[in-house]
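Shared chain: chain A. Partners: chain B in the first complex, chain C in the second.
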Partner chain A sequence: MSAQTSVESGSAGQPGAAGARSEPSRLRSFMRRPGVMHALIVWAIVVVAIPASRIVSPAFPSLNQIENIAVLGAFLGVAAFGVGLVILSGGFDLSVSSVITASGVFAGAYVQNGGSTALGIVLALLVAAGIGACSGIGVAYLRIPPFIMTLATGTIVSGALLGLNAGHPSRPAPQALRDFFGTGRLLGIPDTIWFFIGFVIVAVVLQQLTTHGRRIYAVGNGELVATLSGLPVRAVTAGVYAIAGLCYGIAGIMLTGYSSGANLSLGNDYLLPAIAAVVVGGVSIKGGRGTYVGVVGGTMLLTTVGNDISATSLAEGWKQVLYGAIVLGALVLSLGSGESGGGRLGLRRRLRRQGGLGVGPLRERPEPVGPGRAGPGS
Partner chain B sequence: MRIRGRKAAGLAGLIAAGALAVAGCGGQGATNDSAGSSGGGGGGGGGGKDKVFVALSYSGNAWQDEAANLALAIARADPDVTVEKQIAGTDAQAQISQYQSMIAAGAKAIVSFPVSPTALNSTIRQGCQQGVKFFMYDATVTEPCAWNVSYITGAPKDRPDQPFFGAQTAQALVDLLHGQGNIFMSRGVPGNSVDETHYNSAMGIFKKHPGIHVLATYYGMWDGSTTQKETSKALAAHPNVDGIWAEAGEAGAIKALEAANHAKIPVTGENSNYFRQALKGGWNGVSSGSPPATAGIAMKLALKVLKDGDDSVPKNVELHLPWVPADQVKVCSGDAFTNGCNVFPAGKVPDEFVTEIFNQDLLPETSLTAAQSGHLAKGTSLQPLPSDLGEWTQPPSRRYVTRNACDDGWKPGMLPSGVKGCVQG
Partner chain C sequence: MSTVAAPVRRFRWPSAARWRAIAANGTVMSAITFVVLLAIWTYYLPGGLTAFQLNNLLGLTIALAFAGFGTTLVIISGGFDLSVAGVVSLANVWVATKMQDSTGSVIGVVVVVSLIGLATGLVNGFLVGFLGLESIAATLSTYIMLTGFALVLLAAPGGVVPTTFSDPLTALLGDTVPVALLVLIGLALVWLVLRRTRFGVNLFAVGADESAAEMSGVRVRSVKLATYGLAGLMYALAGLYYSAEVGTGDPNSGAPFLLTAFATVALGGASFAGGRGSAIGTIFGAGVLTLIPKVLFVLGVASFYTSVVQGVVLIAAVLLAILTARLVQR
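Up next is the complex of A and B:
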């Protein structure tokens, strides 16, 4: 009980026992939170990369370019939040593309067959979350490795879509979705960008400021330790996959509106870029470390690079080689920095460091568990 | 142990569920589609009827599904055959193994969108030796025993000496720009032979016009959504574009221009309903390119060969290139292209729906219903093919493009459109 309390209260973003702290100390403490520095670096690179795009096109930098990066990055960014949560919890998800497609095709087919747009969207999102929950139950309760479980889920979903779609040509997007994600603007800015800003705010709050968010970090840092701390690890894990499914579903709805329709290849381009954005954004592939702000930075960085490479006059083969090399370089750098920031340690090593199970494992562990924890010095 | 037992049970359940799903899927692809027109054919023997297979590449793309549906609709209307559909994806190995299964299952004819022009050759040859008739639609194979039914080397009906989609649409764009301007080229799938033919023949034209500058070339993967994203990227880098030459997916190019509030510049592309509606709505350009009707025509030709023998149809069938300039777009009131109409009202079909599902000469029995459901409309029956198919026989000069070889008396050489073909001598 006391251990659980330590997770829940210690990660609440409060300075802990030290009630009165000077501002520089708070700032240092904030900066030392895992992933924060990485996120800042990624965003700094984005800020530099956009004007540096002038190298490839005299039309860059421009408002058009920024708008384009933000719109195209929004689809990836929403999906990447789901992938990021799963990776943060120590899992992995290969069903991204299938669930994006399922959501878009379901909403399109439902409305095409006379259903209301709002209900179609809600049901599509429920279907997407349900698929994610299935993966989560398999991983959490049946102990099936996430790679296998989500690969199976993705395959079954894409197979089912193929069957249920029954050779029907692409599904048209409901008019409201076309208007919103396709052409809609508010104050001169595409609705998609406004939507994404709202999504990011909700996602950051969910991940950083809620109990569930902190539990995800705890589970990602060490499942056994989290279990011993009294956390409902299985429920948290299953919930993570369900939320991830929901995010893929939202991305599918957005893409359906943007493309004015959904076909069975709607989500094909999103699995690897979403994983790359998450890792480039500073989420440790081993789980337990990273922030969504960093992931959004990673998304925008990859989208900027993709746009810049598109603007070059290189042959397509070389464009892909260059993009792959840049992503690989970013991943290697991110993984390298990820090692230094903590991540999941083996249980034996962890217990050795902690001196056994009976000494308040989380309180004395050397590495921080989440963004809210003030780190070893707190 | 209990946990292990539960794990094993869970895993077994998952595998079983997966197997069921895949079986269900295959059922949709194969078993459900295996009924003859009488409805009593059943999946198995088909009561002495000839077995015909439709082997497409992948499902989910409007063009592929419409094409497959038209082929199925034609076969289902023939009381003497049973038909099954199989989907290979983009993997040549998968299609090879499907062909082998079909041959082993006693196929009389296989009507297929070939994933590769060459990788399937040895399997096709094996099948031919066992009496199976192969009819390839849209994309082609170089194996001589297979029939190729394609528009790839085709010319507009009223200009039979001006072939190739790429060259004709490129020339149209040059004309619309009066020989001067900056353009984008939205290609199809990298490495695909059809895309190469389109691109090379288009570049053959653009290179002749020094006033035309290609600002950006990108791959839209013959998909509206990808084309939209790629066009949008290119627009951000090159807002000074004056025209776009596009392969399939052109609806995405228009949508990207619309989203960027760009001026209505000339765009040439293929046959999506959205594009034709855009041409009707003030955009300038030409709608041309691949008609899904090709698959239905290939099936009709296959059925004719099964009844009348190999020599009853030409081995190299070349369909006319659809050609609809902006000033000729006319909205249909019903489900068919009648009275010169050539686009459906917005909302009647999805934006990416490919409008060229009719062919008045070779496929008059199709309808919107057939393209969407795989069954001919009620009250419609199969119509005979014209007795003389000479109008749809590929000229020997274009043979190299589809067969990678020339007829006797011809040798490889460059055609005026910049594509490698055959010249006499």
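Up next is the complex of A and C:
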């Protein structure tokens, strides 16, 4: 089944077109959409992993544990939506930690200096989106590689935070935030979880159903094709980084409320897990393929594993080792299901499927070389 | 490679095209930047540039130069390698926890750490070259795992690096010549030889156009395996030298290398699209990056803002490279 799918998606080229054109039932064509199968697998593993937590502690599984995982996963999940969107568009973002911290620290400092909480939150989110927009402009208009641009903005922001907050290692959280993300409950379920459910719905609608969302997929699948199709590729790309910044900002506000304060290392532990969650969730690092539902699954899987490791007497480092192993596993899994095909290196994989990398078949099929060089990375 | 200026035999004013080629040559530009910054620093330094000051500067530069060397190789091949931070962390922690103050132990640990780096690189090369995984994603997973192993070995900063190991590496020969300077020159020579070997030529070919290289009979997968393997070894050497300089262990010591290693490569004028770059440019880039905080310090800028300036310089360097590349293409 998987081999058949991979050959089909490989020969059809553009995944969106493949889904729309296929004759069989809507369910089957939906299942064949790239990332859907992967998302289902990840969620299936999550459903198995939570009861399996009993191996590490007899107190698991419990409602309390599930609640914990959902709350901790919510922070990561919100940040991961931003990272996922950027990766979906064919980019990369290393500024996650700094922007989370900037947003939390800004809101805390604003309210501490006598500003209103609501305005503080709005301004903090604007700052976060603004930083994202700066990265986006650098990537889209100045053609700086995303990897470098976001590394630079992240460093600049963290340096500026250090300088501007000299003498204030930590800012207290506004009371309203503390009440909402720290202790608040509705119908016995933490407010954070309700908030996250709302966020996921908005995010899925934005990504799957709006024009902007579909454009991001198009840009991620190939800038050249998107440009030739008349899409405003640069504006879409810049917009993606701004939305991502906004997401990190929201995560920063949530974390500030949850941990009742914002210090300068607020977002430090979120960069690698956020990227890991995106990769585990089945988003192709080359762009154009993946779903947010899968990313939330990846987030919950990593959070469950982290939760389990913390419950054992194992060193904290093993959590990281396991995260890395899970990321690698997810990469290999997506390789097996053919979801990493296409993109710049697609040529070689297509050739391999045809039965080898020898010189012979390459001589027979020289035509893909040109488009391969004109990829988004050049 | 085409942008490397050929030696001028008879003196003649270079043509406009030649000037543009020189401006686009990252090695020349980073060397000029380095010399200018060095001059500013020396001018403001009380007592001028002494051998001691130079040794201090090069000591901070050298780990970065090794890390940048490895990163340059991978960038030229057209990939990205995030595992540099993980290898440096693990190497540092390994030295700080396992090395005893005896020659035998020092040699043993150096060999083991080098092998760890090499093995990591070969794993990366296998994942990227043979499994066809995207380099950022594959090296991200090894990076996360290595950081985990470093944390398992040493949960919090601590440990001591024996002086038997660190003293020779940080010494001043005859009170005038820093050992680090000799090592840096050696590193530059390694590059000059390497890029003329069969592997070096193939490396540039793979980075410039993978399909064309494949069609010309270059074994792309093996070249990638060797590239990442060699890069991993360089990261391990960076971690060893870093440990000798700081004298202690920290499971997160490698994290700053993620930014700085790529910044040195950008400053050195390598193309992030692959196929173009020079480790000598990177070595000067490492010098520039180390000099920035020192120059800021003598100019009286608060140390908080060092990373702001480094980030701005990184963007500027990449922008400059993009602009000059366009000038030459015109």
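Worth pointing out:
Criterion: the second predicted complex is superposed on the first by the 292 of 378 C-alpha atoms of A that agree within 3 Å, B and C clash if a C-alpha of one lies under 4 Å from a C-alpha of the other, contacts with A are read in each partner's own complex, and residues count from 1 in each chain.
Keep this in mind: contacts are C-beta pairs under 8 Å (C-beta built on N, C-alpha and C of every residue); 3 or more make two chains touch, one makes a residue touch a chain.
Fair warning: this is a prediction, and the values are worked out from it, not measured in the lab.
Once the two complexes are laid over each other on the shared chain, residue contacts for A:Gly198 go to neither chain B nor chain C. By the touch criterion defined above, A:Leu322 reaches chain C but does not reach chain B.
Looking at the shared chain after the overlay, A:Phe147 reaches chain C, while chain B stays out of its contact range. Of the two partner chains placed by the overlay, only chain C lies in contact with A:Ala276; chain B stays clear of it. In the superposed pair of complexes, A:Phe92 makes contact with chain C only, with no contact to chain B.
Applying the stated contact rule after C-alpha superposition, one finds that A:Ile156 touches each of chain B and chain C.
Contact with both chain B and chain C is seen for A:Gly138 once the two complexes are overlaid on the shared chain. Taken together, the two structures place residues 138, 142-144, 149, 152, 155-156, 159-160, 162-163, 166, 316-317 of chain A in contact with chain B in one case and with chain C in the other.
By the touch rule above, chain B contacts chain A in their complex via residues 3, 6-7, 10-11, 14, 17-18, 21-22, 24-25, 27-29, 58-62, 65-66, 68-69, 72, 85, 87, 187, 190, 216-219, 223-226, 228-230, 232-240, 251-252, 255, 258-260, 274, 347, 349-354, 371-372, 374.
For chain A in complex with chain C, the residues that touch the partner chain are 92, 94, 138, 142-145, 147-149, 151-156, 158-160, 162-163, 166, 272, 275-276, 279, 284-286, 315-325, 327-328, 331-332, 335, 340, 345, 347-349, 352, 357, 359, 362-363, 366, 368-369, 372-373, 377-378. The part of chain C that touches chain A in the complex is made up of residues 80, 127, 131-134, 136-138, 140-153, 155, 209-212, 214-215, 217, 220, 251, 258-259, 262-263, 266, 272-273, 302, 304-312, 314-315, 318-319, 322.
Contact residues of chain A toward chain B in the complex are 56-57, 59-60, 62, 64-65, 67-69, 71-72, 138, 141-144, 149, 152, 155-156, 159-172, 182-183, 190, 255, 258-261, 263-266, 269, 306-307, 310-311, 313, 316-317.
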